[in-house]
């Protein structure tokens, strides 16, 4: 029960309370660039969620088994090569390179999948699908997972990593869809010339972020409620 | 380009990438060798440099790092604060918990028998600027200094009267409560094992 | 763009205002909004991004003759990720507190579209000298943009600049919202609108001049 409530908290925190776009500012480029039409925005959000889940799975596996200080596989390889078994083998300096390649591969994989099974969607995405590689939100999720794999006494399992990733992806989808809906309405408004396009989108995003600030502290209340439930 | 067989030569196509990968890998290994110890030192100093503030009179270089099992069954890393002439002065316990916005990380200094709080320091917080983030100021943290640990700290909004009452920050009650909760939980969690260690220490005669 | 490739000096000046990475090209917005709540982290981020941009530009330009077309993005990404790791480690070693404050935003420089786009557009086709000048110009433009937003946010939000208190709390009730995420969006929206308005006025003036002539 405690695990489930912890997972629910991580998921809700990533999706709504500490929304990746409106609180952590990651994924702004597609947030401003792709949010013109709701259909497109929602599709982009789902694609990002898909990629982020695969990337989180792979980066958790790489970090847990290979990259972190004292990881099992390099330690065994080092011992096999005749090294001193007491030394801590730390390959974490390669983390960022591995992550960006994991992300690029995940995007390639998703691209192939969408091309095969949803060819119309693939055409409508155009160049935006490979551009998901430079979406900061995915690298940010991998970095958060890395952060939680640093303290050997408090390591995150795969379930927590996936809860964060899927929550983050869904939060991104919520934010981008909201933005698309707002911008579709703005298209029919008389916006001052200087603010048309990105300017007004940023101002609206600011107000949206303020609205989402209303969720601060909800995770504390939720944690208390869940703790009371499990007692 | 496409007239040749598609798998012309993997090496022929990718030799640059492989070479660069090896080159960069070597470069990064060099950076890690050069800067790694310094970074580890910085991380260590984050806590160690604060120990003399948390337990007055403690000497940083005499600090002993220990791992104990707390009341909740999980391992906790604590620091034994020792003075320059080998007197056991107290303990420094790192703790964290949920704040208003995100997690709050603190370290708590207590005396050797865990009966008085000698200091609290907030290492990391993301509370509201101007309101909740004032929990890092000496003004608030001094309210926790010197409190006895026999009763858990209670936050009151005005007129602190009982010995374990702590006056909350104006407009930041939840953040104040969060810090006190973290302190209470940490002390409750580590009280039994640390008191045991302290009395075992006092019982065994010092060998010089 | 010009018919002959722009010279190094032209590229340098280009990057600062006419093709400013933030206000004109709208690239690299993620770290931009996150670290500009005060001048000190903003300038550290500008320095780190500048280092990565210049180093990546020079490196890619040096090996531009060896790049295979379908593997070039891979090479760019590898180069950028390496230099970002170096920048991150150097910061953690020498400016530990700042590195903690900037947190995950330094490694996010890898996703900064600005650097990959400069590698693609300029460094992979031009000599080292031109690539270097381009990198320096773009970095200065980026730093200028960061400074503009950070100044507004820090002065309105904390009454200080670079940590030095300018407006004491009695005179100026600090606008907390400026230091928080929404403030970043709002300030950037207003400044972008101002930049657009200024650009439109210049265009209108130039058009009026040519129609008079």
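Just so it is clear, A, B and C label the chains in written order, and each chain counts residues from 1 on its own.
Just so we're on the same page, contacts are C-beta pairs under 8 Å (C-beta built on N, C-alpha and C of every residue); 3 or more make two chains touch, one makes a residue touch a chain.
These numbers were taken from a predicted model, which means no experiment stands behind them.
S.K.: Specify the chain pair with the maximum number of C-beta contact pairs.
M.R.: Maximum number of inter-chain contact pairs occurs for A-C.
S.K.: Report the chain whose CA-based centre is farthest from the CA-based centre of subunit C.
M.R.: B
S.K.: When the centre of a chain is set as the mean of its C-alpha atoms, what distance in Å lies between subunit A and subunit B?
M.R.: Computed from C-alpha means, the inter-chain centre distance equals 27 Å.
S.K.: Need the CA-centroid distance for the pair subunit A / subunit C, whole Å please.
M.R.: Using C-alpha averages as centres, the distance is 23 Å.
S.K.: Taking each chain's centre as the mean position of its Cα atoms, how many Å separate subunit B from subunit C?
M.R.: Subunit B and subunit C have C-alpha centres separated by 35 Å.
S.K.: Considering subunit A alone, which of its residues make contact with at least two other chains?
M.R.: Residues 93-94, 97 of subunit A each touch two or more of the other chains.
S.K.: Can you list the residues of subunit B that touch 2 or more other chains?
M.R.: Residues 24, 28, 31-32, 128.
S.K.: Could you list the positions in subunit C whose residues touch two or more of the other chains?
M.R.: In subunit C, 74, 78, 82, 85, 89, 180 touch at least two other chains.
S.K.: Can you tell me which positions in subunit C touch subunit B when the two form their complex?
M.R.: Residues in contact with subunit B: 63, 66-68, 71, 74-75, 78-79, 82, 85-86, 89-90, 92-94, 96, 100, 157-158, 174, 176, 179-180.
S.K.: Which residues, counting only subunit B, touch subunit C once they are in their complex?
M.R.: Residues 13-14, 16-17, 20-21, 24, 27-28, 31-32, 35, 38-39, 42-43, 46, 124, 128-131.
S.K.: Across the complex, what residues on subunit C touch subunit A?
M.R.: 26-27, 29-31, 33-34, 74, 77-78, 81-82, 84-85, 88-89, 104, 107-108, 110-113, 116, 177, 180-186, 188-190, 192-194, 196-197, 200
S.K.: Under the touch definition given earlier, write down the residues of subunit A that touch subunit B in their complex.
M.R.: 18, 90, 93-94, 97, 153, 216-217, 219-220, 223
S.K.: Touching subunit C in the complex: which residues of subunit A?
M.R.: Those residues of subunit A that touch subunit C are 22-29, 32, 93-97, 100-101, 104, 134-136, 139-140, 143-144, 147, 192-195, 198-203, 205-207, 209-210, 213.
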